[in-house]
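In what comes next, subunit A is part of two complexes: it sits with subunit B in the first one and with subunit C in the second one.
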Partner chain A sequence: MAFKKDPQVFGAKITEVAFGADGASAVFGGGNTLPLYSFDAETRHRPLVGIEFSDKGPDRSLPGLAEFYEGADSLTDVAARACMAQGADFVSLVLESADPNGDDIPSEDAAALAKEAAKAAAGSGKPIVIQGTGNVDKDQELIPKIAEALQGMSALLLSAKEENYKGIAVAAVTAYGQKIGAESSVDINLAKQLNVLIAQMGIQPADYVMNLGTAAAGYGFEYIASTIERVKLAALSQNDDALQMPVITPVALDAWSVKEAVVSEEDFPEWGPREERGVQMEISTAAAALAAGSDAVILRHPASVKTVSELVTALV
Partner chain B sequence: MDKFIIIGERIHCISPVIKEALANRDPAPLIARGREQLESGATYLDFNIGPAERDGEEIMKWGVKLLQENLDNVPLALDTVNQKAIEAGISVYNRSKGKPVINSADAGDRLDNIDLAAANDAIVIALCSKQGVPRDNDERMQYCQEMLEYAMELGMDTEDLWFDPLTLVIKGMQEKQVEYLQFIRQLSDMGLNSTAGLSNASNGMPKEVRPVVDSVLMAMAMECGLTSAIMNPNDKRLMDTIKTAEVIMNRSLYADSYLEL
Partner chain C sequence: MKKLFDRVFDGADEMYALAEKAIAETVSELGESAPLSMPNTAYHLANHLSYIKKQITTVGELKDAFEEVKAWNEHGQNLSAVFRTGFGTFMAAEAIEACKYAKSDDPYEGKYHGHLSDAEVRELGVPLVTNDIPGFVVIYGKAPSDEEAVSIIKGYQTRGIFVFLLGEIIEQARRLDMNMGFPVRVVAVGPDIWQVAHIISFVNRAAMIFGAVQPGDRYELDEYTFWRIHAFVNVYEPVSDIVVACGGGAIAMGFPVITNDENDMWAVPKSLIIQKTTEDFIETSLEARDIKLKITNVDIPVAFSSAFEGEIVRKADMRIDYDGSRFDSFEFVRMTEAHEIEDHSIEIIGPDIDETPEGERLGIGIIVDVAGKNMVKDFEPVFERNFHNFINCAEGVMHTGQRDIIRIRVSKTAFDAGFRLKHIGEILYAKIMSEYDTVVDKCSVKIYTKPDDLKELRKMVNETYDARDARLLSLTDESVDVFYNCILCQSFSPSHVCIVTPERLGLCGAVSWLDAKATNQLNPQGPCQVVTRERVIDPEIGIWEDVNENVFASSHGNLESVSLYSIMVDPMTSCGCFECICGIEPYSNGVVIVNREHIGITPLGMTFPEMASMTGGGVQTPGFMGHGKHFIASKKFMKAEGGSQRIVWMPKALKDMVASKLNATAKELYGIEAFTDMIGDETVAEDPDALMEFLADKGHPALGMEPMF
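Showing the complex of A and B:
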């Protein structure tokens, strides 16, 4: 008997969310199949790959990264260089120096840095995702300031959490037309609830995405995977419109924080160069996140970006 | 698993407001009731025009167009014993949001409504009865099978038959209720779609008691595999029950605000 292909296409689909200004924009979401199942139906938008850089500059102790950013000293230069990374659909600024546990620079100054990076990215034709500090109180003050500074750029700002979503949603989306990420850490019920609450503030589905949490592969990643999978199944097979926003997964911070990416080659000579290990952690984690259903991943190393982008191209 | 389908029952000629609106071709009450039901979570609206022997075709056409044009092409259940009126309704029906539902056929005199559904690519509610109330589940199943085979011979998809187990009033037929639920499970085990006018069960009970009875029976019927119901979506207790049952059966993801959705 001949094989009969029976495509699994859902009546529901993931919402399309566009961010960035004219000539420097990206769209994610829009699919109505399981992740990467491009054999079931044409993929509306391929998953996006972003490259992140810190306002404190790249880690130049890693030879490959130092080479990639060689000569890029100002934030403008670094942002412009990041835009050149092969396979990068967008760039992402991490406002490391605004962290209250670190330099804790004022929000106004951090917003000015965000503006500098966003302008450089737009000049190089890439949209930008700004990552706040992750500190609830600081981000509540910082993200509205960034939203104001980036008026008209339709940037994607991460993240709004249960504790601070109200102020962030109103300032970023309603007042300044930015997009936001709703962040819940591996709590599927909270993920849905946060979306419901944001929607109840009058924010439209095309204006926000979800960050369901992150972890490096091998470090509790299975909880992330099952959370993303459950959300995608609810969105598609149960047509749950409170969960149809695209998912963005910032992979870099976790991937570069685990032992494999941290310990030196002197201490573990048999493990080989640290930079290679970090890249491998990023690639494995990103690939797993995409397989689980992420619509976008954010990576740090240009080598990871290139590989993951090629993986996406090969699969969809 | 597909979501439980709610067919709003409130556009019914037995209601004085609707009866008058139908007689005067007054659009406002129909649109208002339709909208109220959709906002509360109905997927389909039942449009019951009664026997409508005189002007059924005209009323049905008027109502179908009116409701669909004003309510984003809401899918409708066309509810009348006047077959010509159903045909007339289908002739102006917009399918963009779902096939029309013919309400209803049975294994007796109204078997030919299955022909009507087959000829018009419609869904049909198939009452598991022939004359009056079926004696037991063997009889229910016999009628179900008769209609199933009949429809399949006409080339219908079995999923377009929504079998109605025939809800029986509790006051007077209390001993039949467990069997009724068991029959829903049999339909579910066979992979068949089902629907029921559940509020029949609480007929004749005091007004304050009916919502409790309707809600509890709904939860039990859903657990048995009922896939849709013809009901009042503006009964908050009933809607809360359905939403909660969906959560408990893991067909809808829980969030603290789930009752508001």
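Showing the complex of A and C:
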């Protein structure tokens, strides 16, 4: 019997969200098939792969990373170098030093760093995603400051949460024309509720994306995968417009924090070099997130970025 | 008495004359081609841009535009003409100010703020849109005294209201060295009424930036300013016509004007309010503009956190013991009219803790009065039940029970830290005003400790408790328009949905129909949503098309159909946190119910956890169903299969708990007396044979009924 192709194309689609300034922008979303099902219909925008760097500089104890960023000393240099990573669609600054549990630098200073990195990225033709501290109170003050400093650059700022979405959404999107991520913790209903609340502030669907939560593969990742899958199914099969925003999944922090990526080779010689393990954690987590339905992932190591980008190219 | 309309028109004429003169002077001094703009804005003259869509960049353009602006002052004898004249007056005022800025970038040389930059509009706009700043006031004129000027400004400051000052009050505040400026949220805009143009310019730019209002779109602009900009105006006497004209514009934008001037002044409800007592300006203003203040901290001398919720105050540590089991005591929420309540009043009637000997036991009565436009009587018990959680959060304070069986203990440590009865009031006030801010506008607390008062009041509150219980009984599934769903548990049971009806509470036992209704009203985006019940499919089994649609959507496609009154046909699913499970007992044609607390085996040969594994996780298992304890006595309990007369076995503790209500239901529906005596329990049988013997002996009605499958 001849094989009969029966494409599964949905009437609904994921919202397209563009970010970045002219000549340095990227678009994600727009899909109307299950994730990576490029055989069902042409993929509107391929999933994006981003490379992240900290305002405190790369971890130069990892030889590969040190080599990649060699000679890049200032934040401008690091940002420009990150833009050169093969396969990177965008770059992402992590404002590590603004963390209240760390250096806790003032928001104005952190916003200046964000501006420096964003300028360097735009100069190299890449859009930027800025990651705040994750601390609700600090981000509430910090993200509006970044939004002001980056006026006109249409950067994507992560994240607004249920506790601080109002000020962040209005300041970042309405007052200064940036894009934001709506972050909820691994629960489809909380994600939907936050999206509805943000929409009620007058924010348009094309101005925000979702971060549904993250975990490294093997560390509760199945909860993330199932949440992303359910969100995608609700968005496509039920045409739920409160869940049609694209999904961005910052993979790096979790992937580089688990035991496999942390313990030294001296302590676990049979596990091999630490850097390779970290890269493996990033790749496997990112691949799984993309398969579940993420429209963008953020990775730290250029080797991971290259591999995941090649994977995407091969699949869509 | 001069008519209000005429005062507006005369005032507008004055402002127009001043503007015409200023423009003519500027043209002759600088020439028509001289550039003209406000500093640091992309919105040109924002009032002109907003109202007549003109992007003015030169003195000549301002002069030309003024011809068009004149058409806004036509003296028509209707309200819309008056409102248009108000806006015209703002444009004329802006023309006067623009001429100053054409000659100098900083015409006020730092003495007054004048024009607000776009950056300032954004800085102030964000908290206004998010309600972090509840609103702003424009104060014009001269306060009765310098002290009062400072006191009203500080009064607004402490309430988080942004203050714009115009006219003499600025000098009054300066004489007393009041700290002013953008960071402290008090801005001295300018010495004359025409600087009001800068405040209106701020409002118009906020509408364009935050509301995406297009220039020239009066309808959208009016909507935006009315609903989103919580502003109002205070004007001290004497109020001249030119100020009245500006007031007309303010009222058109939805900003009420409050004044103490009675001469030739016409009160207009909600818009133009005469308040002779200037000390009451703040309260009158907030009420007129419907501004609610956010209560964020609980003002008590001990720590307040959910960490202290489970804390027990033992006899040896207690300073006082209010004991409802021995003395008349109660706690009570009562809805009243707004004018009957003085907001945040806390009254102690009777001796306070420090006027009572250590270790004393006595009674206490707490009455909380609430009022609000969206408040309904059904919320009273919902608030009341949360007193327990609220009061318990205070360190060193213990609360148990509800209604008239409460007990409150205060520890010696809390007492030494200064805790008194009024702090119970502070806790209740702060929590009710913050947790229920969508429905409560005003709240006051009375605490009684005299035995005579308590005795009398307890009688009064008991009547209300009885009335509430009667109301609950009268609530049936047929008597309400809508049901509610509850998806609170979906975080761990992703495909389960409860449908909550008056006669079927959530299976956890914690969400009744009234609770769900309150949850929905208090948090419209929250876990309880309205489910209509219009398209009935089968009223006996309890199937509605609307309910099925809702269940399909809110279970994200996992469930297609649910019946509310059957355990055989598409029974309602369970998350896993059910109070009870019922399951078919095949020999007797009946059902067995077991509650979570029961650890033994049931005649089904299964324990509670084993039965739970059959039905949890959002799956439909015909013959098994999770439910709340209160559902057992409901007339809708498995009504499709014949109702509660099918119950053949329950653990004794559960049986005793539901006996009175279940017996009443059985008597009413089936004419059976003392039905629970016919129901087996673990003391008579834990296996089917012994149970059958017992049931036959008692003549249990299930034995004669149709098999269920």
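A few remarks follow.
By our rule, the second predicted complex is superposed on the first by the 316 of 316 C-alpha atoms of A that agree within 3 Å, B and C clash if a C-alpha of one lies under 4 Å from a C-alpha of the other, contacts with A are read in each partner's own complex, and residues count from 1 in each chain.
Quick note on the criterion: a contact is a pair of C-beta atoms (placed from the backbone, for glycine too) under 8 Å apart; a residue touches a chain by one contact, two chains touch by 3 or more.
As the structure is a prediction and not an experimental result, all values here were calculated from the model.
The superposed arrangement places subunit B and subunit C in clashing positions on subunit A. Of the two partner chains, subunit C is the only one that A:148 touches; subunit B does not reach it. When the two structures are aligned on the shared chain, A:187 is found in touch with subunit C, with no touch to subunit B.
Of the two partner chains, subunit C is the only one that A:176 touches; subunit B does not reach it. Of the two partner chains, subunit B is the only one that A:239 touches; subunit C does not reach it. For subunit A, the partner touching the most residues, choosing from subunit B and subunit C, is C. Looking at the shared chain after the overlay, A:202 reaches subunit C, while subunit B stays out of its contact range.
Contacts of A:230 after superposition: both subunit B and subunit C are touched. In the superposition on chain A, A:167 contacts subunit C only, with no contact to subunit B.
Using the contact criterion defined above for the overlaid structures, shared-chain residue A:112 touches neither subunit B nor subunit C, since it reaches no partner.
Of the stretches 43-51, 151-159 or 241-249 listed for subunit B, only 241-249 runs into subunit C once the two complexes are overlaid on chain A. Where the contact sets of subunit A with subunit B and with subunit C meet, they give residues 188-190, 193, 196-197, 200, 230, 234, 237-238, 240. Those residues of subunit A that touch subunit B in the shared complex are 188-190, 192-193, 195-197, 200, 230-231, 234, 237-240, 242-243. Touching subunit A in their complex are the following residues of subunit B: 1, 3, 251-257, 260-261.
On the side of subunit A, the complex with subunit C involves touching residues 144, 148, 166-167, 170-171, 174-176, 187-190, 193, 196-197, 200-202, 226, 230, 233-234, 237-238, 240.
On the side of subunit C, the complex with subunit A involves touching residues 119, 122, 125-127, 129-132, 209-212, 487, 490-491, 494, 525-527, 553, 556-557.
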